[in-house]
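In the two complexes that follow, chain A is the common piece, with chain B as its partner first and chain C second.
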Partner chain A sequence: MDRRLVLAAALGLAAAAALPARAQEVAKIGLILPMTGPFASTGKQIEAAVKLFQARNGDTAGGRKVQVILKDDGGTADVTKRLAQELIVNDKVVAIAGFGLTPLALAAAPLATQAKVPAIVMAAATSTVTEASPFVVRTSFTLAQVTVPMAEWAARDGIRKVVTLVSDYGPGIDAEKAFTEVFTKAGGTVENLRVPLRNPDFSPFLQRAADAKPDAVFVFTPSGVGAQFMKQFVERGLDKGGIRLISTGDVVDDDILNDMGDAALGVVSTHHYSAAHDSAENKAFVEAFRKAAGFRPNFMAVGGWDGMQALYAGLDATKGQGGQALVDAIKGTTWTSPRGLLTIDGATRDVVQSVYVRKVERKDGELWNVEFGSSPAVKDPVKAAKAP
Partner chain B sequence: MSAPPPGLAAVEAGFAARARLRLVEPALALVAVACFFAFPDRHLLMAEIAVLALFALSLDLILGYAGIVSLGHAAFLGLGAYAAGIVAVRVTPDPLLGLAAAGIVGGLAGLATSPLVLRGADLTRLMVTLGVALVMGEIANRESWLTGGADGLQGIAMGPVLGFEFDIVGRVANAYALAVLVVLALLARLVVLSPFRASLVAIRDNPLRARAVGIPVNRRLVAIYGLSAAYAGVAGGLLCQTTQFVSLDVFGFERSADVLLVLVIGGTGWLYGGLVGAVLFKLLVDALSSLTPQYWHFWIGLILVVLVLVGRDRMRDGARRLVGRLGPPRTAP
Partner chain C sequence: MLTILFDGIAYGMLLFVLACGLSVTLGLMNFVNLAHGAFAMAGGYATALLMNRAGLPFLLTLPFAFGLPALAGLVLERILYRPLYGRPHLDQVLFSIGLVFMAVSGTDWALGSGQQFIRLPAWLQGRAEVLGVPVGLYRSFIIVVCGVLVVALQLVLSRTRFGSRLRASVDDPRVARGLGIDVGRIFALTFAVGSGLAGLGGALGAEILGLDPTFPLKIMIYVLIVVTVGGTSSIAGPFLAALLLGVADVAGKYYVPSLGAFVIYAVMIAILVLRPQGLFARAR
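Entry: the complex of A and B
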């Protein structure tokens, strides 16, 4: 027999034998993000953070090579669901991750339960997401979680009358409810206004807010709409009328804060992450992120970073095993993230973290959310209220 | 159709000849069945293609045959999807009943909104249909007690379809979607090969003259618009049942725009345009978005421009010549 043929056959056999073994070693993670469409900025932030995490922490965890498969769902729920299903069935991923919006996470959650594959939610912020499946773990935040400290701070700071102005959809209503409840309990009065989510024109609502002569306007808009709001707030002259602007961090998102200009100066907000957070971990994170991606990380990026951190910690603990073992391993984990100390609640699989009070200031020619107060270890108030 | 008016018998013979099943049609069904078995790991994509093909077929009924342009056909897709979802959550998990409900709701909505569409020329119709879809989307957003609002409708669990449980690989979902598509395409075939279609084409080409020769223009348009909306409703129902989820994006403008693109790719005014377009469009999107998740829109755009500017006519002519030998139903005049 031809020697070359024998050699080729032997090689082929060896390759065939080695293939399953190698496939065993690779732990695939399906990352489903809106990379196109109106929520593309969320996807870009998270993708950059995930890449950076792997560049800095290596691509092995629990003895297995970790491979991230990125898929674009364009922010459409049925595409998210199909991609999740294909990743689980065809690519045999150990976990799915990403989920830029609440409906996208909720669409994939039943699959996580059915296939016993952990789903790491890196962005979606409605409280109910973690209740949709026992395999959902969240590393972002919940809206109520960051709103309650705002209401407490406002009451402490002598604000008595507030008009709330929120985008009219799930998270907005969560924010309105949480703020109103806490603030009225502290003795304040609240008037509620809701703005349509799509193509919002804030002027008529701002006029009504101004007519009510409150001490402050509390605002929630999804990440990205904040710049437009800020412009109209100044155009209406509310800033000069002595009405203070308080908000959740989504409005003064680090990604677009610099484009808002001086209008944003002095806005007080509460959130779980600011790129200006003063810690060694965060300084290193922001510097490396800017160098690699070319833009400033925002709270979405840090959600992606910590999602990878949770997965790596879990895989290390299970020696690379997925499924129920992986979720159990992630439950109760604590680590120091760029945003500060972070714990995955063992009971709810939701994130427990510090929420900071920040004010927009100019430093080195750029606008930053500078933190000046914090509430440590805040749990999601919605689920805390439900707990017996 | 340019021949001098023949006798009635000859006309009837002409329609009968058109309606005979051509060789290529069972061949298409065979290809679908073959794909079902050849690509066991792409069932979900195939189901999505089937849904999009049905949706495109429904738009083609009004665009290709009656000349009604629409930028808001997703209104009926969305209504059907929510109808099927709400039936599954509140009434019965049976898929076929849900699908029937989706079709009925879509059809009724089509009939109800048809007076708006009958008025005015193309531009008015574009605006009106777009507006209807936006209004529907906003209603679904507002009535969150029924629709789940911006979070999407929760808790849809479908029962077995004819004894088959929906599985995670998507085999049943795919087979179900393909079966519904085939049945409805055969039904549509009866419609587009009938004298009814001839009257629609006459209206499309010259409404004044059609009226003058005694065609009840408005009634015909209302009928086809209602039928098209019912088809879109069924497509929405299928979408909801195969993914077991509905959220507000079913009313999205992108859905209406995508389905127009599908018809641009596949060609309007022939029964299989939607099908061909849906297959090409979905495969293209799937391949490109896997290659470059960030920039696939660019490539899709580029390919579409090239397709429309340079190659579409030539490609279609080529395909027609090829298919012509097998004898397809040529419904385009």
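Entry: the complex of A and C
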């Protein structure tokens, strides 16, 4: 009888001692990315950036060892949801992160709400993503955020008439709306064309754009398709007809810019990150990234890098706690990223950042998006318009 | 207006080269080969890799874009397709769609999921004025190449001994075999040529349609529409169907961009309602 009591007491003590110790061991982060399929380049960029971040900043934050678990969703929303559930329930992660496309982020958002697990969106760019759950934090950009400066720049630069040409899906429509609204308010005229997402040939749309005789064509397409578009733009002689090509930075993605050839030269775009950004942080980042991964970082990589930055900053502040505390700790944080100064908006949990105007130029035998103007501290205009 | 017509014809020609191999296997050999697009992709990748890695000029890669898929077609016909000739169509569909998925993932794994880029030689870039109509040089090149192919195919099928043997083997394989025609060999050769043509179409189309591992799935629908609308009894049927659909697609996207993507399907439905056996097929 006595012995049993002693034994039970000893066991209880041991358990009590072990509990906090186990909690301090590892903070797991579930990273869900499309590593295969048509969006694999997004996954590869972000994975490389996350690895580089841990290599340079160590693998402890808030006194806990940070372990990243990488899962491949192949760009399919139901797989993202299943993986998020597994990571939350089985692996007990403190946060989930990644999400290459808007539908993937939207699929995981309800789980983040239910389980009170922060979801760090490193890529998906539709405005509504952060409204899907109070646990979503975004470190990439929103399409409207990078489009509005383009419309403002075009109006300032003497462009009066624009044909917009966007891929017919969520982000494309976001871009079309944002551009049209700002540009017509500035006194310009806009004609809208939407191209089916699975479109084999741009020629009829380009011909229509050419016949409208605008000062510029504004284009948004997913990044791989943009290269094809640009070649046909030049082939059709629109550039020689005095029509300028303006776009968001997705079209002149750093990842494939060099493969586009001279057709891309002179394209003006607005985006939150260019690998040619002139700062000490960025030079170090690009050099280390190229050495480690073997290719140039693009805006996806920087989204992944800053996602880790946000998580580390949050974990440091909460001493390794997850859940609501972690989201609250990340809200309102500011840091200097390779892309420049970055703030997580305390109210919307969305990213506030500078948006740069860039032009494609050849430097040292490679094509780069060289920045020549910027709008500081741009908020997502869609949510800013909704705010009271 | 004329530019639209020109673009439509170039696009139609491209569709024809991609589809004619399928119309041969489907119409003449009565085999449903949905993996046809995979051979087209093989041709496209042959050109892209030879240009970008081996540094061959564009024109020199085209024979490889024809030859490598043709060779692959010959080998696969022998080891994979032949046992399925006698099987029901559903088996053939399941088998060949499986091949497509294997080709898509295999390419993704081996060469990455990104777009492959082809840099055309300078003399094929830009555009020229012909009779006051500005036309793209590369599209003119496609029209010329495909035009020559169409004439050659038609001549081979109607004027040569091989053509008459092929037609005989298709009309009645048993009698043809009885007359001493090696039906198996003729089918194998036809299959190889069809695959080669698809490869050539893939190589020529890479610049216009884009080239990534999902290429076979992207073009499958268009190719099937061409074959369905054209009927499968001759070369002329799919050829005219491809031209019609190419022009309709381009014109539809130009004049009614909001409905653009659906015009091609509307045309297909209209034609099939009027002529369920295809444009030029004999009624059965």
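List of remarks:
Operating definition for what follows: the second predicted complex is superposed on the first by the 362 of 388 C-alpha atoms of A that agree within 3 Å, B and C clash if a C-alpha of one lies under 4 Å from a C-alpha of the other, contacts with A are read in each partner's own complex, and residues count from 1 in each chain.
We adopt the following convention: a contact is a pair of C-beta atoms (placed from the backbone, for glycine too) under 8 Å apart; a residue touches a chain by one contact, two chains touch by 3 or more.
Bear in mind the structure is a predicted one, so any value in this text is a computation, not a measurement.
Look at A:Val182: by the touch rule set out above, it reaches neither chain B nor chain C. By the touch criterion defined above, A:Val117 reaches neither chain B nor chain C. In the superposed model, A:Val148 lies in contact with neither chain B nor chain C. Once chain A of one complex is fitted onto chain A of the other, the partner contacts of A:Thr76 are limited to chain B, with no touch recorded for chain C.
Using the contact criterion defined above for the overlaid structures, shared-chain residue A:Thr36 touches chain B and also reaches chain C.
In the superposed model, A:Val357 lies in contact with neither chain B nor chain C. Looking at chain A, you'll find residues 36-37, 196 touch chain B in one structure and chain C in the other. Listing the residues of chain B that touch chain A in their complex gives 41-42, 44-45, 48, 138, 141, 149-152, 154, 168-170, 239, 243-249, 252, 254, 289-290, 293-294, 296-297.
Put simply, chain C touches chain A in their complex at residues 3-4, 7, 11, 105, 108, 112-115, 117, 119, 125-127, 134, 136, 138, 207-210, 212-214, 218-219, 222, 249-254, 257-258, 260-261. Against chain C, the residues of chain A that register as touching in their complex are 36-41, 193-194, 196, 198-201, 203-205, 207-208, 224-225, 227-228, 231-232, 234-237, 256, 259-261.
Across the interface of their complex, chain B is touched by residues 33, 35-37, 44, 47, 70-72, 74-78, 81-82, 85-86, 88-90, 102-103, 106-107, 110-111, 114-115, 126, 128, 132, 168-170, 196-197 of chain A.
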